[in-house]
Structures are given as structure tokens and as C-alpha cells.
Amino acid sequence: MKQAYTPAELMVVVAAREIKDREVVFVGMRLPLIAFAVAKRLHAPNAIGFFENGVVRDTPSASLLYTMGDPPNIEDALQCCRMTTVMGLMQKGEVDLGFLGGAEVDRNGNINTSYVGDPSAPRVKLPGSGGAADIASLARRFVVIIEHNDRRLVERVGYLTSPGNGDGAHWRANEGLPRGGPAAIITTMGVLRFGFESGEAYLDTIHPGVKLEDVKAKTGWPLMVTPVLKPTPEPTDEELRIIREVDPKRFWTS
Amino acid sequence: MKQAYTPAELMVVVAAREIKDREVVFVGMRLPLIAFAVAKRLHAPNAIGFFENGVVRDTPSASLLYTMGDPPNIEDALQCCRMTTVMGLMQKGEVDLGFLGGAEVDRNGNINTSYVGDPSAPRVKLPGSGGAADIASLARRFVVIIEHNDRRLVERVGYLTSPGNGDGAHWRANEGLPRGGPAAIITTMGVLRFGFESGEAYLDTIHPGVKLEDVKAKTGWPLMVTPVLKPTPEPTDEELRIIREVDPKRFWTS
Amino acid sequence: MTMRDAIAQHVPDGSSVALGLALEALIPFAAGHELIRQNRRDLTLIGPISDILFDQLIGAGCVKAIVAAWVGNVSAGLGYNYRRAAETGVPNKIHIEDHSNFTMALSLLAGGLGAPFIPARTLLGSDILKTNANLRAAASPLDGEQVLLVPALVPDVAVLHVQRADETGGNHCWGNLGVSEEGGLAATKVIVVAEEIVGVDVIKSDPNRVLVPAHRVTAIVHEPGGAHPSPVQGYYGRDTDFYQEYHTQSQTAEAFEQWRQRWIGAIGSRAVYLKLLGAERWRALAVKDKKLAAPANFSAT
Amino acid sequence: MTMRDAIAQHVPDGSSVALGLALEALIPFAAGHELIRQNRRDLTLIGPISDILFDQLIGAGCVKAIVAAWVGNVSAGLGYNYRRAAETGVPNKIHIEDHSNFTMALSLLAGGLGAPFIPARTLLGSDILKTNANLRAAASPLDGEQVLLVPALVPDVAVLHVQRADETGGNHCWGNLGVSEEGGLAATKVIVVAEEIVGVDVIKSDPNRVLVPAHRVTAIVHEPGGAHPSPVQGYYGRDTDFYQEYHTQSQTAEAFEQWRQRWIGAIGSRAVYLKLLGAERWRALAVKDKKLAAPANFSAT
């Protein structure tokens, strides 16, 4: 019989499976950090993790991180260089994948982490891009991890912090972005991927136990669905074991 | 009674006196390196030396250098950074003085270290700029040290590697150079300085024992002379003592 | 030099100040608190991300403008003072110049290089270009392709917290670098805050570990614990609880006033701050183990 | 990997190769000699200054083009092979792309940053802009001022000599840096040549001393003495006599042929080269003292 798991744990394993062996990944904090640990231990032993503060790692840190600057992320790092080094290599095209969160993500995979409402008199001032807009601009592909509701999955972001597919598939090239774009949105209800021709997100798999009508109701635009909708593959026992080793107090994954 | 000294020793002390206290100096090798040591010990104890390989020093190296990359130049350095760091600070305007040599220097202080004859089929291929063209472009002022003869002091360089005053006083600003220009040419016969309005070199002091007519004869253009020509002040005993401490085998200063 | 003198002499009202350039580590909180104590006004704060320090300075009314990629509380969430200032002008309106981490890094890199700008491929199509007039897309003069022009930034002052420094300005920093070096080369004045003051020979023993050229250092402040609650590799860990407590205790302007009075206003120095923190809590954060860098021989002979 | 295999597999005819990026120290002579032994052709050599290594490769007919700021013999004078090739096409004509040190550094910096170019204020008015079509003055799109556009340079291979490396590509380099880091980030492939091979734990004990990210390292070669006659800080000094001898023994093409036969052709490996150099001479160059970098604690706990 399958083990029980939390939605966060399912999101972590979906994220982990996005990481291929030997890829260079801009890891970020929280769930993607645990996903990186799972991937390294299972199917991507030679993946490399980049952090914006200049840290390069080939192993997850020995203890759980609250920020990428925490001392355990430095100890046993492959390298501690400057931000310009890791970001420069990304601009050069040497980062395969980056993980992003956000307050809002839209139909075309654009992300807002800056303002709700008019930027000159915002209803909510969000923290801002950090490195997210750079990862969205420059990584070979990026994956969004976000809670699924219609305040977060919106028709069009109120402020485009991190570029997805803009208003369609050809928008990135027109703007001068050198590559990349959104590969998936991993939510609490399913996994969305992007139409090659439209640049628009569609539902690719649905999490076990979730109803399609609920997904549609909680999405801020008329959601396209793949013709052959399958359930998101569940976490294996091994994946769950590693997640719980990495986050023993369930700080991020409860 | 005054001590005897070599022409090289006189050139070193003239160069040393160009260095003011607290200045940042792109030192270079050979005579300027010894001049830096003299200045540090006497009148410029807080001068800082920059080297193109990224070395920053506040003391001369413990033993004589043949290249700036020699291990004694690293040991006890203030910092070993990257070339972009020291060159960047110079571009920013933070280097006061640089010393340059050359195969040819002309009436307006332009220097050739690249080609004799047509560059596409040169009679002599010289080693090239190294960092000299950058120092000439970006330091607040530069000083040339060169043997005095009419093959070296020419009307106009055959190839302008390192910009002096171009064809006149306003040339640098017209070309877009941010500052700087030649302050002096220290030769084996005298010291040339530059007219503020003309940008042209004139004889400012003449080395003891040298005849003005010989200086003129060995200069490749009709040399202007200051109305009150004085002899170049001779090295003091203290200056000579330090030079001979720094270069005990007289490798550079014989 | 004391922190009080360094801030009094080198960071007047209206200065642009780069802080927190190593990102979540080595944040010069002691310097920030001294700015608040001295009631500094009209500052422009510069830094890629700020983990609650900018929020505190904003709440204390010291700030006119923010040049940053991210301002908040990294492990706990939003920065309430930042929100209040941006959303309702409390305690005062602030001008926000939005950046990404990379454009912050490139603008400081350009500043230190003396390059007027650096062309990049990031942010093309982002609304950041609409709200930050200093970031502009243009045709590259090289080949006509679209590039982002990231103009050089030269802060009046950069404050850098490091592990150790000597009395002449020499300094060693290890672990997190972020944009510390770029900021230290770009800024007109550099204040170095050190956990330890060591002999010049210690710094010169490893010239590759120097963060900023000694002659560019305007002031050296010996301030052990000066980065708390952020970590200093080899000295102390991150006090994550402190960030969580700040989050809870800064939700209203009134609550922040109390927090500020307790941790900054009523305190004359970092030593008193650490006493208030409590010896036990401070001891628990201290690094006890040794994992030393492998030896490197710099001998020439 | 042996030097023979590294060169055979990663530096085919026609490659652009960055060498000597630390300037007069850490010059990968062993790699250059292996290129000559394998009779490589049509190489483009990239490096700010070259202290006789480029001269040797030119004399051996390996070179099609030079992208450099300075080529010669730093302590002894001109490079005769360079002169012969440039002046009389012996052994073959070479294309020379003149740079200054700073434009070389900026072009590699831009290459590693993925920036199309970096604008600079150097060389404006220099004839270098007339003989190097890749360096061009233009109006800055920022403010119309005159700037030099320094385009990015991405060498096919960079060869970097370092003090120590591990089997996975991790590497430590100290002392002279020059443009080593920029070159290692810009180049498509990176060959690291190390005096010592150490455990991964040694490299990871000091992540700030790493020159090039391990995952960018294409091949690691263990080649003690591989930088002779250039120095390696903490390992051996500069053999200045050797440069003087080379100067004397390369004045004619015939003399260089003899020098080449003796020091490269008749020799299968660096070990034999060091034997030819003589144990006494090699011992005299060795660093005997210890001046270790002050300890730095990277422990998190």
C-alpha cells in the first residue's frame, strides 16, 4: 500500500523529476531546494546547483537552509564566487533550469512578484524580483511552483516582473530574450505545461484525488486541458524517504 | 663631494620625484620599479603600487623583480586581485600616475610599441601595447622613460599605440579620452614637459654635463626649450643609497 | 574607529549607501542601527536583496529611496515597514527603483570598472523597465540586437561586514560574496566592519582573500557580532528566530516603534545589544567547530 | 588525464586557445609543448601578454592568428619567432589582432558574462583601432559620448595552470590571477593543469579559492613542473636564466629549430623535460620556505 503524502511532498517530487542528470540548476529556497536533494540522490547525481549569492554546490547542504546564505550552504560548497559569475554563466546560456515562485502567474507563464495594483500607489508592495526575473529571462527553461487558486493563477499578471511567454509564443524572441521560457507550473492541484505554438499554459496532469472541475474553477482563465489527462505520478517510497530526511521537522513540506 | 652616479640612476631619482605621497601608481618594471622603492622610502611613504596582473602593494618587493609576476611581488602584497580590478579602478579615475617606456615617443607624447613600418608588412614587429595604451589612456598622468636619440624621440610616431596629446592639446578630449596625458619624458639627457596650450614637449631641465646643442641634435623635431633652463637636480646620497640597496647587482641601473 | 564616529563622519544625510551586498549573510546591522540612532535622513539604500535591514531603516524614517531587487524578510515573508511606506506613505513616501539581482550586480560592476554601462540580455519585456527609468532597452551599437543598458552605479558609501581586518584597511572576507566586491570597488567611500582586528601580517599572508583594496577603505570599525541576526561564516550562525520575531513585532507601525526602542533606541552600542540578546542565545549561535581552509603557501623562496 | 590525451582530445587543429592568462606566472608551457609535439596547425592564440610561449608556438608553425596585447620575452626582450612570422612570414604568415591588456581582459570578461560587449574609455585615438577591426569607437547609446566597444571573446579552449586540483575538476589557484578567471569563464572548454592532485575535501575546504567552477572543467592534467620556466607561487620560482638562454638560442630560425628539438621534439613528456633541465637546477628553483595563508574557518557549526 502506498504511503500517505502531503501536497507539498507531491510538488517536491514533481519538481525533482524536472531536473535531468548533469543539468545546472538555479535552485532557490524552500521546495525546490528539497527537490534538488531528491534529484541528486536518485536520478540526477551529477546535477549542479547555483545560488544567486555565488554558491555552487554538487551536494545538498548538510542541514536544512532558511536562506541560501546560511553557513551550511557554504560549508562543502564546490565554489563560492560572485553573483556576477553565476548570473553571467546563466546569461551565457549555461543554466538549464531555474525554479520560481510568485504572487501571481498568468496564462502565458508571466510572473508578478512586485506590485498588486498601480505601481505608483500599490495596494500591496511585494518584495520584488530578487533574481527571479533574471532566471525567467536567461535560464534555458524555468518551472513555477505555486498554490493553485484564482488569485494566484490569473488571466494576466498586473505587473510583469519575470517574463514568461509574454502575450504569446513569439513574444520572447521579439523582446530580445535570448532563449528559455516557462516549462511547467507545478501547483497544489496539478501540473500545467505550455503549448509550443500558443505559448499558453494547459493542464497536463492532475494530482490524485483532485477533480478537473475544481481545477478549472480555481484557475483565473478558461484553462485548456490535454486531450489525455492522466494523474500526476505519485511519490515513490524512496522519494518520500529522502524528502523526510532532508526536512525532518516538515518545516517546508508539511 | 657628490657621489658619482649613472644616467640610469639619475633617471630613477627623477622618476621617483614624480611620485607624490598617497598617490596610486601603475608601476611597471625596470627603472620605475626602483623609482617606486625610492619614493616609498623617502617622500611618498603612503604611495600604492598597482601592477597589471592584479597585484597591489604598499611596499617594494623584498628582492629584485624581473617580471611583475615574480613570486617576491606576490609575497606580502596588499592584495592579489584580477586585472579587471586594477584596470577598472584606473578607468574610474583612481590611478594618479603611470610609467611607460617605448620604442618611439613623439613631439606630442604619443608612444609606439607596436610596429616600425607599415603594420601590414612591418619592418620591425615590436611586442605591442601590453597595458601601456591603457595607462596612457586612463591614468591621471603618465611619464615616459626613454633613451635620448633621434630614432626614439621622433616628430611623429609611425604607429600610435599609447595616446599622448595626439596632434595637440585638445585632441584627447575630442577622441573621448576621459582625462590624463603625458606629464614628462625622462630621457638620458634631460626632462621634457608639456606645454599646456600646445600639448607639445619642451626641454624643462637638462642633465648635468649635457650640452643643449647635443640634446637638440638628438631630438627628432625642433625642440622647444624653457626660457630658464636649469640642470636636473642631482641624486642625493640617500637616493643613491636606496637605489643600490634595491638593485645591488646594478642589473637595471648600471 | 567606533561605529558612531564612522557613521557620523562618513554617512551624512542624503547619502546613497550600499548595504547587505553579500545577500543574506554578513549584513551590517550594527551600521544600520547606528544610522537609525543618529536619526539619519533622506538616505538612498542600495543592495540586491535586503533581509530586514532596509525594512528597519525605512520604518525609522531614514530613507528617501530604495534601489534594490528585493526587500523583505527572507525566511519569514514580507517587510511590513517597506509595505507601509510604499502603500500608505508611513512613515514617509519612498521612491522605489526596481532592479533584478543581476542588474544590481552589473550596475555595481560597471561602477567599479568605470564603464558607463554594461549591456545585458536580462529583463527584456519585463515591466521593471517601465517602473525604473534607469533601465532601458536599446539597439546594440555592435550589431543592432536588442540589449538592456544597465548604467553604472556609484554609491556614496558601501558598508561591508567582514571576518577580519587590520588597522590600515586590509581585510579578509570568506564564504558568501554576492556583490560585495563589486560594491566595494564602485562606492566612493568604503566602511569595513570587522569581527576581529588582526595584524597587517595576517592580512598580507593571503592577498587573494582580500575583498576590497586597503587604500580604498575609508574607515575600519571593530564590531564583534555586528552582523547579527545574519550569519558570519566561521563566527556565528543565522538567528532565524530573530527574523521570525521581527516579523511578528513589526506588523504595525506602533509595534515596530516598540521593537526599535528596545533593540536600537535604548541601546548605545553593539555590546549592549548583545547583552540584551543574552549570553546563552549568543553562545548558541557561535561556531564551535573548526573546518579550516587547506593551507596555501605564498612563500617566494 | 595525460597531457597528451588532453591536447589530442580537446585542442584540434584550428582551435582558438587561451594561454598564459595569469601573465608572467603559471604559464602552461607543458601544454604548449604538447601542442608543438602533436604538430597542431592553424591555432588562434589568445592571451594578454605572452612570455615566450606564443613565440615558441609561432616558431613551430602551429599558429594562424594571435589575439594579444604583447608578445615577446618579458625579461630578455623581443620574441624572434614572432618577429620573423610578422616581418617575413617565416615559418608562416600570421594574422595579428592587436589589443591592450585591458581590452583583452574586458573581452574575456564579456565572454564569461554573456554580454555582447563592454563599453570602455581606453584606446580612444590609438592606432590599435585601425589595425584591429574588432575594436571600434561608437557613440554610447546611453548618452551619446564616445566609447570603445570591446566585443565578447569566447575561446574554444582555455588552459589554466594551477597549484592543485581534484579528480572532479575542483581547483585552487593563488597568487597571480591576471585574467585567469575571466578566461576560464569565457572559454567553451577548460583544461586545468595542476602541480598536485588532491582530494575533493581539500578543494571544498576553501570554496573561495576556486578559480573556475569544477563543472566547467573539461580535463584535468597532473603535470608537476608544467609551468617552468614561469613561476608557481609556493612551488617554484621563475627561471629567468632560461628566458635569457631562449633569447640567445632563438635568434635565427635554425637556432630555434635546435632549441625546439632539444627541449620539445626529443622529449616525450614533462618528466623527461625536467630531467634534461637537471635535478640541481630544478632543486634550486624549488620553494623551500613556508609562508602559509592565515587560517580561515569555514565551519557552519
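So that you can tell them apart, the chains are marked A, B, C and D in the order they are listed, and the count of residues begins at 1 in each.
The rule is simple: a contact is a pair of C-beta atoms (placed from the backbone, for glycine too) under 8 Å apart; a residue touches a chain by one contact, two chains touch by 3 or more.
These figures come from a predicted structure and were not determined experimentally.
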Shared chain contacts [chain A and chain D, defined touch]: C
Steps needed, at fewest, to go from chain A to chain B via touching chains: 2
Furthest chain, CA centroid comparison against chain A: B
Pair sharing more residue contacts (C-beta pairs) when B-C is set against B-D: B-D
Between chain C and chain D, centroid-to-centroid distance (C-alpha), Å: 37
CA centroid of chain B to CA centroid of chain C, Å: 40
Whole-Å gap between the CA centroids of chain A and chain C: 28
Junction residues of chain D - those touching two or more other chains: 113-115, 120-121, 145, 147, 174-175, 177, 203, 208, 233, 237, 287, 291, 298-301
Multi-partner residues of chain A (each touching 2 or more other chains): 55, 70-71, 74-75, 80-81, 84, 91, 138
Pairwise chain contacts, counting only pairs that touch as defined: A-C, A-D, B-C, B-D, C-D
List of chain B residues in touch with chain C within their complex: 24, 48, 55-56, 58, 62-63, 70-72, 74-81, 84-85, 88-94, 138, 178
Touching residues on chain D, where the partner in the complex is chain A: 111-115, 168, 170, 185, 203-204, 207-208, 210, 213-216, 298-301
In the complex with chain A, residue positions of chain C that touch it: 22-25, 48-49, 51, 68-72, 74-75, 78-79, 82-83, 86-87, 96, 98-103, 105-106, 109, 120-128, 130-131, 137, 145-147, 174-179, 181-182, 230-231, 233, 237-238, 240, 243, 287, 291
Residues of chain A defined as touching chain C within the complex: 29, 52-55, 66-71, 74-75, 80-84, 87, 91, 114-115, 119, 121-134, 137-138, 159-163, 166, 171-172, 175-178
Residues on chain C engaged by chain D in the complex (per definition of touch): 106, 113-121, 138-143, 145, 147, 149, 151, 163, 172, 174-175, 177, 198, 202-203, 205-206, 208-209, 233-235, 237, 287-301
